[in-house]
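Structures given as structure tokens follow.
Paired with chain B in one complex and with chain C in the other, chain A is shared by the two complexes that follow.
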Partner chain A sequence: MSLWRIILKSLRQHWLSTGMAIASIGLGVALLVSVVSLREQAHRNFTQVGLGVDAVLGPKGSPLQIVLNAVYHLEEMPGKIPWTYYQKVLKDPLVVEGIPFCTGHSYAGFRVNAIDDRFLTDFEYEQGKHFSFRPEDGGRGRPFAARDEAVAGWEVAKELGIQLGNSFNPVCGVRAGDPVHIHDNIRFVGILGRTGTPHDRAIYILLTTFYTLEGHGADVARMAVDDEHREISGAYLKVRHLPGGAMNPGIMDLKYNINQSSQAQLVVPSEVLPSLFSIIGWVDKTLLAIALLVTLLAALFLLVALLSALRERRRDLALMRSLGATRRTVLGLVLSESVVMAVLGGAGGLVLGHGIVAVGAHFIRVETGLRFSETYLSSADVLLFPAIVLLGLAVGTIPAIQAYRTGVLKNLTQVS
Partner chain B sequence: MSLTRSNQQKNLPIRTFDGLPVGAPEKEGVCDMKIIEISDLKVAYALDGQSLTVLDVPSWTVEAGDEVALFGPSGCGKSTLLHVVAGLLMPNAGDIRVCGHRLTEMNEAERDRFRARHVGYIFQNFNLLQGYTAMENVLMGMTFSPEKPDRRLAVALLEEVDLGSRMKHYPAQLSIGEQQRVAIARALAKKPELILADEPTGSLDPVRSRDVVAGLLSVCRRHGCSLILVSHEKDVIEAFEKRVSFMELNRAFVGKEAAV
Partner chain C sequence: MMRRELKSIVLAGVLAAAMAVFYGCSGSNEPKKPATQETKQPVADKAEHGHEAHHGGSLNAIELCSVGHAEVKVEGGTLRCWLVGGENETDKSVRIPDAEVCLAVKLEGGEEKPLVLAAKPIDLAGEKIGDCSYFEGAADWLKGVERFSATGTVHCKGKERAIRIEYPDGYDPDDGSEAAK
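Our next item is the complex of A and B:
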């Protein structure tokens, strides 16, 4: 009979406490794996993924609000900026390209953004990647070209079941109960291929369409033809990069100059988003602390299970000693049991944790458009097994020492 | 009951597991003539600051192939002597050699390995592992010995003690006598030179006691093992043909030691 068989036999003998200890470790590990994975993915999304936007020219107000509205299609823009000011910024030698947009409309819970038509052709949502209408990319149709035409992001089309030729009436606002432009039937002529970015979760119309929607009034309609009168919510800016790929440091001067004005501000998402992450950081720190606490409780549960099993097994261990097992052998048996339980719990927790990540990532992506992956491997995955083995060894130490000290005669014999 | 009844009933030649004839030493050369040599052995415990001697054996020798019954009243030190011989307990003074190994010069791990290789131990209350089948209990007897556990040998041993049909039964599903026979098979599993049986009939009625002892003697002879059996029952020692050692309180063999 091999020592492994003895270990498995012992685990089976105490299946209830073994199972509960394994399950509790599994839950702790699952929580850790999922929290760390989602945390890292969130961090990556907010700090590393630029979504093709070097800077956003927006109205005065909260920079974070501007980024969330312009890039993530969340929140609301705090105001508007004059078209003329945008044109002035475009003339700065540091600015390569600008794509102006107007936000503030929605349909069925998704934002409807009016945007320059170059957005669909020239804009790079990721370095070197443009929007696609090709079926192999999940897209259909073509870019909008007329006032009553719209293009849906991949996620919007999927969720609302949009087909080419379907039409909709945009809502003037982003809240439930906001008025609907009932006289403006806008037809979907294109569906964008999947990008895995928040751009999948918006509907795009022409800037002209925005200004000429019925119900906006003559003042807004005038913006369609009068550059001096025109206003926009903001503009995506692409600035010159250094040969190595880093943003030109001159952007700091540009930002300073723009921010000195009373009409607009320049927001660099890669500067603002980490601050967002630090604001919400306490949430993930709390979750991480809870996960660690659960794992610690699971470790205590494992310890109790091992000690309780040891109490029942003292006679068995003493008997093994009488059959020739050394103290080191019984120590190794108990330590191995602890490690096996921890590893089984860890493996289960890993599977469960990735299941949670897969489901969570799917919903986060659907709800926010953030690029969360179902199969993301976090730093927790790399460290998990060494950590689990160490946990098993650490927890198993006390019962193993007790097993080591098990006296043969005391536990087995009746002296005559 | 006889442990060898099945073989005898079938008139099969009784052979050891290696095919050697009855009585031939299975591990020739491993233990020579003297299997146990004791001199000036003392075991004492401290009690209330006083030293209490529980065993005092000036000299004692057991030859290879001997069948020795240690007989004496409860508390006279019979089991203590077995514990010392098995290397489970270290004496306070004196010298003891078992199978040529001087136990007093070995550390605990060495004594554990010595026990795993040379000594089969049968306890009064059998001490079977309750969560293990009869077969697994016998295999456990080999697990810690240097040789690889041999399932075929375990099957043969269980068949030899008439438990061929109960191999997958757990101790709770076996009678007291059957449990004792599993314990005997387990003690033999490591092919020891020496079997130590500590009151193996303590839980049995006189008739069953005689059967168990007769069976034990029989398998020990077939396997070429020396046997030391501790008992305080006169009925039990009657089965011993070779030698009975009488013990009195705290001292070994002070009264008499006699061949029967």
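Our next item is the complex of A and C:
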């Protein structure tokens, strides 16, 4: 009888304890895989993707708040900046392009952002990728061109069932109970193709539409025509890049210069967002600790299962020894059993873990528009199998030593 | 013999498993600076006594570390000098009324040269001459200079104060190093 058949027979013989040990390892691994994957993808989303924005020119206040509002359509902008200052920044030789915007309005829980029309045509939400209205990309219609026209992000259109020609009244604010611009009917003329970014979760209108909304009054309406009087919430800035694609180091000087003014600040998202992780870092550390504890408990469970199985099999092992099996064979048998159980649990956990990521990714996308993928290969995936084999070996060591030491005569005599 | 071998195998296995599991979970979540080609490494050390040189230059205390700093950087034949805050406020500019700052520069061989830094107001910060934090001075002999000392005075925070520049190491009177003595 081959070693593998002996192992399989033994596992089948103790199917209940074997199954429970495999299941507990699977659960531990699933938790570990999903936590590490979600954690790494969150870091990637917030620190590397960049969403096409090199820097955000925003008002004085929390830089994190500015990035969350401008790039992720969350939070609120802490103030406004003068249009004249924005124009001054545009003249800096490092700045290639700016796209000004005004935030602070909403509709049915989604942000309504007033933005320069170049956003829909020139803006790259990822390197080389522009917004699309083509049906094959999930879009419809065209960019806005008139005061009463709007464009919906893909997610907004999907969730609210928006069709071209539908109209809406924007809410002046982002909180429940904020007043509605009841006299301003704005019509959807376009739906953006899916980008898999937070930009899918907003509605876009022209800057002039924002200034001339009826409820805003004459003072704001004047901003539509008077440059000196005009204010914006902020602007996406594109700065010069070096031939290799890296951002020009001069961005640091530009940031310093702007930040010395009393009117605005320059925020580099890739610099600010890691601070978000230092705020919520304890959450993922706690989750990781729980996942490790569960895996540790699973390892203990495997150890107990192996030890109890060994107790029942002492006579079998003694018989094997009497039939010519060496001590090493017995040691290898028990270690192999442990590794097989760990690998089976690991494989199950891997599948379950990615299933958890798939479910989590769906909810995260719905809530924040951030793109998470169940097929993302995290460091946990890469190291899982070597780690699980080592875990199996480590856990199997104690029972294997006991099996190694099993006395032939004593155990044959004891039972017979 | 065999028992000893077995023990070492067991120990190695346990250690390797622990390392693999912990390494696998640690992931890389170090905060990232913006992806610039050159990571703004200063001439001297980036952080001196916990202060950060935001332009990649060397930080030199204006009298005391708590008063402010002169961040100095030599680029080609130009000496750039930003007057910034004291303690950890080196990301905030300190404006002074001086239109120029005169320095007596001592080069490595002991040779002394005068250098006048002129106020170059930062337009985006709303500065103007007489209320300026940034100064520049150019001289042919500065080209290729890697190390020098300089002294001068500035009117800062209501009084005339001495500045001492130790380039590229920086100057901090609280520092016990030779340069600070």
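Quick notes on this structure:
Convention: the second predicted complex is superposed on the first by the 413 of 416 C-alpha atoms of A that agree within 3 Å, B and C clash if a C-alpha of one lies under 4 Å from a C-alpha of the other, contacts with A are read in each partner's own complex, and residues count from 1 in each chain.
Criterion: a residue touches a chain if its C-beta (ideal position, glycine included) is under 8 Å from a C-beta of that chain, and two chains touch if they have at least 3 such contacts.
Just so we're clear, the structure is a prediction, and the values are computed from it rather than from any experiment.
With the C-alpha superposition on chain A as described, chain C and chain B fit side by side in the combined arrangement. Once chain A of one complex is fitted onto chain A of the other, the partner contacts of A:275 are limited to chain C, with no touch recorded for chain B. Touch criterion met: A:262 reaches chain C, while chain B stays clear of it. Once the two complexes are laid over each other on the shared chain, residue contacts for A:286 go to neither chain B nor chain C. In the superposition on chain A, contact is made by A:89 with chain C only, not with chain B. Set against each other, chain B and chain C touch different numbers of residues in chain A, with C touching more. In the superposed pair of complexes, A:251 makes contact with chain C only, with no contact to chain B. In the overlay built on the shared chain, the residue A:316 is in contact with chain B alone; chain C does not reach it. Once both structures are fitted onto chain A, a short way to say it is that chain B and chain C open up an angle of 110° at chain A, using Cα centres and rounding to the nearest 10.
Of the two partner chains placed by the overlay, only chain B lies in contact with A:409; chain C stays clear of it. Figure legend note: chain B and chain C, brought together by superposition on chain A, show a least Cα distance of 13 Å.
Once the two complexes are overlaid on chain A, the chain A residues touched by chain B in the first and by chain C in the second are 327. Across the complex, chain A meets chain C through its residues 32, 36, 39-40, 43, 47-48, 88-89, 92, 242, 244-249, 251-254, 256-263, 268, 270-271, 274-275, 277-278, 281, 288, 291-292, 295, 327, 331, 378-380, 382-384, 386-387, 390-391, 393-394, 397, 401, 404.
Across the complex, chain A is touched by residues 2, 6, 9-10, 13-14, 16-18, 20-21, 23-38, 40, 54-56, 82, 91-93, 122-127, 133 of chain C.
Those residues of chain B lying in contact with chain A across their complex are 74-76, 78-80, 83, 86, 88-89, 108-109, 112-113, 115-117, 121, 123-125, 127, 129-132, 136, 139-145, 149, 186, 190, 198-199, 230, 232. Residue ranges of chain A in contact with chain B, taken from their complex: 1-3, 6, 9-10, 12-13, 315-316, 319-329, 408-409, 412-416.
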